[in-house]
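Both complexes below contain chain A, partnered by chain B and then by chain C.
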Partner chain A sequence: MGRSTGIYVIIALLLAVLPFVYDDRIILSLVMQVFIFGIFAMSYDLLLGFTGIVSFGHAMFFGIGAYSVAIVLNQNEATLFYLLLGTLLAVAVAGIVSFIAGVLTLRLQSHFYAMLTLALAGLFMVAAEKMRSLTGGNEGFVLMVPDMFIDTSGPTLYLTCLIVLVVFFFLVRRFTQSPVGKVLMAIRENEQRVESIGFSIMYYKVIASMISGIVASIAGVLYVLSLQFVDTSVFATDVTLDALLMTIIGGVGTLVGPIIGAGIIEFAHHWLSDLADVHWIFKRWIILFGIVYILAVIFFPRGIVGTLQEIWIKRKYKKQQGKEATKDKNEAAS
Partner chain B sequence: MESIISTKDLTIAFGGHVAVDGITIDIPEKQFTSVIGPNGAGKTTFFNLLSGQLSPTKGAITFNGEDITKLSPTKRTRKGIGRSFQITNVFPNLTVLENVRLAVQSKNKVRFQMLRHFTAYKQFEDRALELLEQVLLADKAHSLANNLAHGEKRKLEIAMLLALETQVLLLDEPTAGMSLEEVPAILDVIRRIKEQGDTTIVLIEHKMDMILDLSDQVLVLFHGQLLAHGSPEEIMNNETVQSAYLGGLYDESSA
Partner chain C sequence: MDLFFNLAINGLATGMLIFLLAAGLTIIFGLMDVLNFAHGGLFAWGAYSGVWIYDISGSFLVAILGAIVTGLLLGALTEWLIIKPVYGNHVQQILITLGFMLVLSEMLKVVFGPNQKSAAPPAYLDGSWQLGDVILIKYRIFIILVGALVYGITYFILKRTRIGLIVRAGVMNKEMVQSLGINIRLVFMLVFMVGSAMAALGGVLLAPYSGVIYAEMGMEFAILAFIVVVIGGMGSFTGSLLAAILVGMAQAFMAYYVSELSLAVNMLLMFAVLIFRPQGLFGGKGEAA
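Showing the complex of A and B:
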């Protein structure tokens, strides 16, 4: 564990220095989006990759985070206090909604959770459209943010996003390596068996659902800070699909995977859109991603990180066997 | 002999088909009970009723004098009834060690600890390794369960079951689908558990000759009914049982 933690810390430090040595604002805000969607995709992977629960409405938690903060800041002064209050509200609402969704459906087969989350996300979207006085309806609204975050591509917001990502990465990693995390992985593998060794799977699934929802809402909070604008698109199914794509391409069942996946998708999106003048197909980049997605599922079902991990484990295993073989030889010789 | 599990008029019907039909039986504590019977006799269904995967249409099950008919499989495991499955049932993409470690974790009631690293519970890992040794699987501890041979998976399953340290072990055809060379190793593992003498073992077996020398008591199921029960010798010499196995017996009420 020690070595990988070291590598992550070094990468995080390098990323922290980046805004001070490199000042292409477009790239910096792109990297920031990667951090935000990295958190979001990571929370999605907690469900999909670790517990084996499919959610079609994960955008709902993202949107809950975005709207909670946006509304609290909009209705009050744009100070740090109200930002924190909004974040707390986001966490509370996301926790309650994910709890309810979990309790209602997780004792049933997995597609019920997928359908219920899809429906709830739709419901939240409609609510955001209809409650015009609060949300500004379809067009959304521009909001004031605390002074320190006013510069959307400045180092303060960038560092905040990075720190939140790092903190949640390590927290979620600890969670997945805890006894509870191990049970979640066992649930993914074989629910019935987990039950018969004496764990009540229901509690674990609800815990996974809640933690995933809460982490996703934090990503929504950062997202709205980075845009200083919110509209109903945060509840759109596209947001969920993005998370799914990031997770699958990066590596299901790993935590770095979704973050790398977020990086790939965000940068690819950026560069492909730039190519729109060359050929119209680049404007419809989602078509290209559809193809990439299909290819990934067929040829790299474990994603980038998963595939690398597999190769690495195989090599280690071989090395170990080699070592044992030479040891046996030496022993035999002496 | 004290009985640990008793069933009273235990019946389950799937639609019109009565799979287990009014079985009343006492399973004595710390004894080795075998359940035998031809295909479709209701052996596994009977097990599913005991372990809670199915709930009976009629009748009751008591465990240590307590009515457990309505308890979930999880609760029954916690009370002390552990079972293995006829179809191999392990966590395929986890390592062998992790498979057993989870069972040890469950036994030690570490259920909702989510902040400590799992290696903080070193004793679980040691215990898991110990169990793997017991079922002759220690050298495979770090392979994925998926990559085990069939017989090894069965051994892994027994290790997981032992980890729970339940009072009762329900073993559903532990030798099913195994090659002939693998069978003695499994029987050896089971014999060792029996010799420790502190567990009640109930075992389903299709091939009667295999377990006769292990059993203290044999139950014969046929068409969902308890055809006979007694010591292995009694069963061997029982004419009804012989004709059931030879296929000559009809259920008179349905014929």
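Showing the complex of A and C:
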């Protein structure tokens, strides 16, 4: 733990210095999007990777975060106080919705949670379209943000996103290493066995569902700050699919993996969209990702980080075995 | 009164379309324990290929047959490429079928172009009959008849033929069926193909009904189909028909009276079922295994 924490801290510090030494605004705001979607994908990993729950409506928590803050800021003054109030509202709503979704379906087979969240996200999207007076309908609305965040590619917002990412990364990692986290991983491995030991599975699964939803809503809050605009696309299935791709490609159940996945997807999206001028097929870059994703599910279900970890552990194990073998030989010789 | 009739027929027609989608979903789930999240993609492919063939051939019947063939082929492909490698692993199944859904709907945009397409019913199904105060729109009646026909034929095959017997036995206990010397994998494949063909048929029938088709419609209808499958009970064929009619009706009536709530009503129905009868109104399966 000690060494990996050190590496993470160093990387975080390097990223913190970046906006002061490098001033390509497009790349900086892209890195910021990576932070935001890193938080989002990490929250997804908490469900999929650590508890084995599949959600197809994770976008709804993202959207709840985005709309809560946007509406609160829009209806009141654009001050830090209302930003915090909106964030609180986002957390509360996301907590309640994820609680309801969890209680309704987590005692059933895994399909049910996936279906229910998919349908719920659809419901939120329709609601956002219909409640025009609050949400501006399909077109969405531009909002005022507190003065300190007005410059969307300035260092303040960039650093805020980075800090939130780092804080939540360590919090969530601490959570997964806590006794509750261990139970969640045990549920992922063998539900019946955990139940027969005497744990109430429902309770733990609902906790995972709620924490994941709340963290995802925070990502939505940052997202709306970075765009200063919100529309119904935050509830779209594409957003959920992004989280899925990032988590699967990066590495399920590793926490770092989804963040790396977020980096890969965001940058690939950026570059492949540029290539659209070269050939129209690049406009449909999502097909490429879909195919990579399907292949990853079949052949590399552990993703980039997971596969690397596997190789690393195997090598370490072999080395250890080799050492022991030579030791045995030496002992036998003497 | 005529308003009531119109809405009821409208709801029945929508219900039949959802039924065509949900029936394949529920049988595949019952038999193979696979929930196919790509099913909506097959529905959209049925719609696009049907409209394309209709534009070329000018015959609606040929278009329907073409869509069914597309469904059969895509179903075989899906089963072989996507489902086979991940049998028995629920999480992987869910993940991979959604990924395939993504590929299917993006492929639609590549093959047929990204814009939505318009579709009209053939001349002999256009227009309406007047029965006293009630106006019967021909195409809606046609959808209802086709849906009823598909239900009847499938029901007959399931209950009265040997292959139906094997499928039903497979839903109950596939190991037992296999140990009796029946190639259950082949049955899986056939059921998957038939289910996909039904979805494609639903798609091509929807096209002239709604007037436009677009790549995202697969997902929209799939959500309704999932609601239907939960309400009717996973694996229950008749349950999916009744639940589809229920959802279609709720959709039609709510869309007329309180349009904001049409999806919400169906969600509430699903919530109620999940709370009080999680195995669905007509299903025995669905409890966590």
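We adopt the following convention: the second predicted complex is superposed on the first by the 332 of 334 C-alpha atoms of A that agree within 3 Å, B and C clash if a C-alpha of one lies under 4 Å from a C-alpha of the other, contacts with A are read in each partner's own complex, and residues count from 1 in each chain.
To be clear about the criterion, a residue touches a chain if its C-beta (ideal position, glycine included) is under 8 Å from a C-beta of that chain, and two chains touch if they have at least 3 such contacts.
Quick caveat, the model's predicted, so the values are computed rather than measured.
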item: Touching partner for A:E189 - first (chain B), second (chain C), both, neither; value: first
item: Chain B versus chain C as contact partner of A:F56, first or second or both or neither; value: second
item: Which superposed partner A:G181 touches (first chain B, second chain C, both, neither); value: first
item: Partner chain(s) touched by A:F300 [first = chain B, second = chain C, both, neither]; value: neither
item: Partner chain(s) touched by A:F141 [first = chain B, second = chain C, both, neither]; value: neither
item: More chain A residues in contact - chain B or chain C; value: C
item: First, second, both or neither for A:I291, with chain B first and chain C second; value: second
item: Partner chain(s) touched by A:I207 [first = chain B, second = chain C, both, neither]; value: first
item: First (chain B), second (chain C), both or neither touched by A:I197; value: first
item: Contact residues common to both interfaces of chain A (with chain B and with chain C); value: none
item: Touching residues (chain side chain A, partner chain C) in the complex; value: 48, 52, 54, 56, 104-105, 107-112, 114-116, 118-120, 122-123, 126-127, 130, 191, 237, 241, 244, 248, 281, 284, 286-287, 289-291, 293-294, 297-298, 301
item: Chain C - residues contacting chain A, complex; value: 29, 35, 37, 82, 85-86, 90-92, 94-96, 98-100, 102-103, 106-107, 109-110, 219-220, 223, 226-227, 229-230, 234, 260, 263-264, 267, 270-271, 274-275, 278, 286-289
item: Residues of chain A that touch chain B when the two form their complex; value: 1, 174-175, 177-183, 185-186, 189-190, 192-200, 203, 207
item: Of all residues in chain B, those that touch chain A in their complex; value: 51, 53, 72-74, 77-78, 82-83, 85, 89-94, 98, 101-103, 105-107, 110-119, 121, 160, 163-164
